[in-house]
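Chain IDs A, B and C follow the sequence of writing; residue 1 opens each chain.
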Amino acid sequence: MRGLHQRLGWPGAVSLALILIAFGMALLAPWVAPFPDQGAGAPSIATKFLPPSADHLLGTDHLGRDMVSRVIYGARVSLSSGLLIVAFSLLIGLPVGVLAGYFGGWLDEGLMRITDVFLAFPALLLAVLMAAALGPGLLNSIVAVAVTWWPWYARMARAEVLALRGQPYVEAAQLMGVGHPRIILRHILPAAVRPLSVQAALDVGPALLTASALSFLGLGVLPPTADWGQMVDAGRKFFPERWWYSAAPGMAVFILALAFSVLGDALRDRAGGRRDGSA
Amino acid sequence: MALLDIRALSVDLPAPGGAIHALRRVDLTVTRGTIHGLIGESGCGKTMTAMALLGLLPRGADIGAERFLFDGMALRDVASSLRGRRIALISQDPAAALNPVLTIRRQIDDVLRAHHDLPRVARDARAVELLAATGLPDPARVLRSYPHQLSGGMQQRVVIAQALATGADLLIADEPTTALDVTIGAQVLALLRRLVQERGLTILMITHDMDVVAEVCDSATVLYAGTSVEDGPMSEVLTRPRHPYTRALLAALPDAGPPGTRLAAIEGRIPPPFEAIAGCAFAPRCAAAQAECRLRPPPERQDGQHRWTCLVERGTDDQAAA
Amino acid sequence: MTKPLLEVRDLVVRYGSRGLFRGQPRPAVSGVSLSLAPGQTLGVVGESGSGKSSLLRAILRLVPSESGKVVLDGQDWLALSPRELRRARQDIGVVAQNPFLSLSPRMTIAEILAEPLLARQGLARRGLQDRAAELLSRCGLPADFLPRRARELSGGQAQRVAIARALALDPKLLVLDEPTSALDISVQAQILNFLSDLKAESGLSMLFVTHNLKVVAHISDHLVVMRNGEVLEQGTTAELMSAPRHDYTHRLFGFGMRARQTAV
């Protein structure tokens, strides 16, 4: 890892470290959480509403569960939903954008009008509608957000492909009689993926925020599974007397969303400073 | 006294793993009121020479010279203060040299305001006069235009007018016609020629194009691998080249012989700029090279105003245009 | 007289006008006819806006033609369906101006040379490496270039790789689009010599498009001078050089050192 801060800058390197720590804790939750069973949802009424202390660094909730453990377990859901939203969105947006940009013509027109329809709705409203229609649940909320998210990747992919389409080396392949699938896979995608992946990294934070917002509204995962948005919502009833209940997951969302955004900026600066194709 | 008097100029740029010898040894003398060509292929140091004259070398550059004088002043100390006042640059791409969102009036006026204490009306009159001097028809209309409304040749004339507005006496023209069509480029060259005659300007013409040299230059210096290898009056250098590199370069031109005949290509490649060279820089590619050529710097030779560096002595009768 | 390999008749290229009420724009190529005999080199020369690039792109079917005919080796080229075109394109090798742009920055030289071979169906995948090495050596480059990438080569070397790629499928026609304009004089001479050798050895037919009349005159048997989308004059190189009918052609030739020397 020597020189990481030189390549990403200090803010970027710190953000990356924070994100890695969060992922590590989410993966190793049963081992790193001080009260794994409480983190997973088991109540402990005797210890309810304890303020932060040496035993419970972030206090306990209305069922007496250790907030540190709950936040760590909540990271599993929140991080994976952030990542899955971006992944699903790329899965739809990338092919749509690449096909539209590469083939142009009526296919481009058609696909872009469809993305326009999705872009015309306010994203959160559409996500709420989708989630309400699909019913609560982790997968449903991920799908609901991804539906509002993919058009952006489609637009971006299309713009990248349009620029690459005119590159002499792409034209050269076409003139050699190389087939479309191979041109797309060999020449277009590898070059388009780099800027898109930077954007995707930038978007994990907002995706996580949106997913948290949905579960805050009761449209995400169901208790007793821990999720940051749902925890903030649950703690709201006891605010401000038991402030730690909402504050702990709220800070977690805030810090991670910020870290993803700073890291994305650092990656973009790096990608922008280098010539295409140096990878 | 020569306007530019440079002897043994070297520029080393710091780089990880040893210095880059951007210029190894450049001698350059430019007489007032003439057009002097600085000829070379890419990587020979012609642009680096221009940057040194303009005081635009990168930070940390190590400049060495026996003499490095402009009008008797030590350029090493004053280059950046002379830039835009007595030394102006005409770059290769006029479209990039002009700001696309400002009118031509604004861009010329900015220069005039920086150099002369004149009222607005007088500056406008001066701008019209300068544009007319560059042969632009309807200067008043050009003044109101934006760069994209002008053709490449017109843009280059505007850039030249800007250079005139500075009142500089030395113009460094860096490949001023390369981005233009042949016929338009010829007109721009004729303009530069006229400006030298009418206004007593001095031009250092940086180019890789022998036709450009032949068209407008009074004298020329040939650069190879950061070294000046030959220097003299244009007709001497182009028709009686003495240095093997100049000969090879001229023989490689597509119209050097009748169509269809083989051209004399120069095999090998230029030495990389981080390599130390003990002898003649061209020796590894030179057909006439002897063992000694690689060992010690070639001696300077002179015939009238024609100077070159080569170990091997030759008569004057043979020539490249055979 | 032999049948021409490439024949262009009254070709018109017009770029689409945007907007309903705009008038039709002036055609970029208006009624150009030319023909190229097998084993010959035809030079097309013109300045920017002359229509030479549009003509080339129309012949390669990178832009649609409005009217006219292009016949390549007896085949009605403009009538080919996209599927037929894909196969037929393998009969034409194309070399672009800047090898660092026309060779993919992500691929090794071996992969670049294998690409046209893979594109031709039915060609064995085995021996690709040998074939690529053979192509390189034909273009005067050593086989140890194969694992390298284009940016590690000099301009002249990279352009040779581009020519090697264009020759990979033994094309009937080699199309050269300003192939030496990005190169230094000494390297330009190497490439021009190499093209002359190719022509002499394998009787390759070439269409050479450039703004530089001197370069194209050196290598071409016939010349076409274009201006404003039209053919200004055409004829054998010797005819055009010794007695250009148009002042414009004369000006294209009559600039620079040779002109000066002969005038003195």
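Basically, a residue touches a chain if its C-beta (ideal position, glycine included) is under 8 Å from a C-beta of that chain, and two chains touch if they have at least 3 such contacts.
Computed from a prediction, not measured in an experiment: that's the story for all the values here.
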item: Distance-to-centre winner among chains (Cα means, whole assembly as reference); value: C
item: Chain whose Cα centroid lies at the greatest distance from that of subunit C; value: A
item: Chain pair with the greatest number of C-beta contact pairs; value: B-C
item: Rounded Å distance between subunit B and subunit C, as computed from the means of their C-alpha atoms; value: 32
item: Chain centre separation (subunit A, subunit B; CA means) in Å; value: 55
item: Inter-centroid spacing, subunit C versus subunit A (mean Cα positions, whole Å); value: 49
item: Residues of subunit C whose C-beta touches two or more other chains; value: none
item: Contact set on subunit B toward subunit C in their complex; value: 41-42, 152, 181-184, 186, 208-215, 238-239, 248-249, 252-255, 259-260, 262-267, 269, 321
item: Subunit A contact footprint on subunit C (complex, rising order); value: 60, 62, 86-90, 92, 94, 96-98, 101-107, 115-116, 118-120, 162, 165, 168-169
item: Residues on subunit A engaged by subunit C in the complex (per definition of touch); value: 167-169, 171-179, 182, 186-187, 190-191, 276-279
item: Residues of subunit C touching subunit B in the complex; value: 47-48, 154-155, 184-190, 192-193, 196, 211-215, 217-220, 237-238, 241, 248, 251-252, 255-261
